[in-house]
Amino acid sequence: MTSALDTIIQGILLGGLYALFAAGLSLVFGIMRLVNLAHGDLIVLAAFLILVLVTALGLNPFVAALVAMPLMFAAGWALQYFLLNRTLGADILPPLLVTFGLSIVIQNGLLEGFTADSRRISAGGLESASLALGPVNVGVMPLLTLVSAIAVIIGLNQLFYRTSLGRAFRATSDDPVTAGLMGIRPKRIFATATGIAMVVVTIAALYLGTRANFDPTIGPARLIYAFEAVIIGGLGSLWGTLAGGIVIGIAQTFGAAINPEWQILAGHLAFLLVLLVRPRGLFPRAVD
Amino acid sequence: MALLETTGLTARYGDFQALFGVDIALNQGETIAIIGANGAGKTTLMRSISGVLASEPEAVLFDGEKIGALPAPDIVARGIAMVPEGRKLFASLSVEENLLIGRYGRAVEGHWNLDTVYDLFPILRERRANPGTALSGGQQQMVAIGRALMSNPRVLLCDEISLGLAPVVIRDIYAAFPRIREAGASIVVVEQDIGQALKVADRVYCMMEGRITLTGAPATLTRETIHAAYFGH
Amino acid sequence: MTDTSLTPWKVETRTKASAISAIVAALLVLFAFAAPLFASRSVLQDLFFILTMLVLAQNWNLLAGYAGLVSVGQQAFVGFGAYAMFALVILAGLDPLAAIVLAGIASALLAVPTAFFLFRLQGAYFAIGSWVIAEVVRLALAQWKTLGGGTGTSLPREATRDMPALKFIGDLFGVKSSGAGDILTYWLTLLLAIATIFLVYRLLRSKQGLGLAAVRDNQEAARSVGVDARRMKTLVYLAAAFGTGLCGALIYVQKARISPDAAFSVVDWTAYVIFIVVIGGIGTIEGPIVGVIVFYLLQTLLADYGSWYLLILGLVGIATMLFAPRGLWGLFADRTGIQLFPVRRRLTGGPLSSTRKGGPHG
């Protein structure tokens, strides 16, 4: 009984990580209907950036992530402004193919720079710390991941629904031409959105890199988990995305409990099952 | 010198030319009306002035500055706001948010703010938390006008604000115009309702097939001359 | 739209260039089939590689370029076709030739349930969904212990050595069975490439093909003129699965060794293929042909640079998409007006002038 409970709790915590992977993807899709196939590789890129800051400057990984955030924001802003904005339009091919190309470029650039070796960011002993929550032991890092995911979602929702920038995001998403008449520059709004998504990506990268090994090729798998979380949750709902991440997380931990080789497969099958019974996700938005 | 002036303004959609050298002028404090049949090019003229469509720099002068090639955000920043045809409220924004977005990213000085817009259209204060698109057509039009006013424009462009509205509703909306003028805006109204246009405007331009075919003060225009300018016969 | 007995409009899809190119193509095909007479084994192996990539590219182009179905999961069918072939040879003792054909059919069958899931997703989500499917198939086959599980397995030597076709070719050219194997797989891919191009060409020139173009350009409009977009897309999806699976089986007959990671590699079977189509020119039959040649040259040129090669390929792909979205062939065709496979129809003739182009209204 405790082992089933334990499996569920580990799954929920893992779901927090997947929700972090997914939040940036969801944000960008919500605002500009752009699906960035390089999203997973950008998470890995950010993990390498944090790794470099930790090893070269001897920073604590949390501080390193704070330093990496503005850098990743700038990179995301520039990426959107100079590259991805050019691909937006009625045709879905250009954004897909350009971001797919970007994914390959980032992976191979990282392979050149860092080799294919597995890396890990040391969190100074925090990785092995755990708390006793009633009958189950919970790792501190997984717990921090989930708490961060919830904080990120609250923060993004506040930004989206309570600020002038959030209004501009929604207005631009509704109708970029009329938004222009209001003094909004859609290209900059999109660039800012991608910049913010990259800040979230940096947070995801911190936990990706401290909780497990990573190497330049693991990005696409993270993209897939993120995507599954978004679809399970229902497009456009950040809380739904968290629920989606948790569904994948629980499916994976149960799969792994039966047979370690089934962990990933179980997550994918859960996704397909949801697609079968609830094609619009668990929490579909009324509009759209 | 006119506040806003177009000279030889042309516009095209791909291969299709929609405007053929349009000259209009709007003086400080004035209200002018642009009338013309469907497809005459009125909306295209508004889009060209507001920067949705790019033109030659010198084709549009505002306060002596060449603004023809500027994009829409630069135009509104200079003080020309548009109430677009079909209202174009933002569906994901509440009434109040629609109003607030009218002054996005700028600290604008002037008469108009949330309170004064709500005073102008009191019904909007009651419906401030509703989604903009949940309102009646007339109320939506009020939001669209209020949204444009929030930037405290020196020139207000109104594209067919009476379209699809009942006569009493149209009357209510135009009743707000004197106060908008008092607050300092010069106004361009595009209208298909000729009677309404003649009532509100100091001067009228009539358009046909991308050209200005008639200009004058309402008193100087007869039904026959307007009819000829409208339909070409 | 018009009664042909009254107005002699003629739908013309042939151009002068295409007539010449038909003759050149026939000569080229003859020459290609004769290649084993004078080409070395390594040349044949290179040609085999080029032709398989061409087949994959034509199939992907059919999906993405014509039906608007951007898949990044076609490795599902390469791998599944290959595994089906291995299973049929190893477990059922079939002749590899028969196994290849059955593997194509098996891939098309796999596409039925995957279409059921994928067609619930639109646009970009279809793309990632197709990737999920490929992962699921890979992970599932990695559980199949009789075929080596995660590490994979090899084709037994006797399975290929005892093929009647190889004995025949061996006697004909006086070569050993390994050399005969290269000749056979080369001929088969050549056949497959020609058949693929021919079938894609026929499909695109058919009424359904026109419907497909209409679907790609405007789904609503296509529906209003009675083209069932969903049915067309499903058909194209199944056909591409068949062609891709067949090609996958063929590739792995030649490789003779399989593992889930290699057979379901997104880089080898999808990334390369996408770059070939994009660089050559998406939405044309010529594009993948040009693309595969450029791809081969780049690969030969950059063979020693490891991941730089893929990095450069990615950058070239991005640049092409941004600055020449219709690819190298698009640039060439715009400059010269040449079309080797004219699938866009033109109306010629009519009452006003015999050379006037365009419809009755201009």
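In order of appearance the chains are A, B and C, and numbering begins at 1 in each one.
As a working rule, contacts are C-beta pairs under 8 Å (C-beta built on N, C-alpha and C of every residue); 3 or more make two chains touch, one makes a residue touch a chain.
Given the structure is predicted, the values throughout are model-derived calculations rather than measurements.
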Remotest chain, chain C as reference, centres from CA atoms: B
Most central chain, judged by mean C-alpha position against the global CA mean: A
Distance from chain B to chain A - Cα centre to Cα centre, in angstrom: 44
Whole-Å separation of chain centres (CA-atom averages), chain A against chain C: 34
Inter-centroid spacing, chain C versus chain B (mean Cα positions, whole Å): 55
Footprint of chain C on chain A - complex, ascending: 29, 34-35, 37, 83, 86-87, 92-98, 100-105, 107-109, 111-112, 220-221, 223-224, 227-228, 231, 261-262, 264-265, 268-269, 271-272, 275-276, 279
Residues of chain C defined as touching chain A within the complex: 64, 68, 70, 72, 117, 120-121, 123-125, 127-129, 131-132, 135-136, 139-140, 142-143, 150, 266-267, 271, 274-275, 278, 282, 306-308, 310-311, 313-315, 317-318, 321-322, 325
Contact set on chain A toward chain B in their complex: 164, 167-168, 170-171, 173-175, 177-185, 287
Touching residues on chain B, where the partner in the complex is chain A: 50-52, 71-73, 76-77, 81-82, 84, 88, 90-93, 97, 100-106, 147, 151
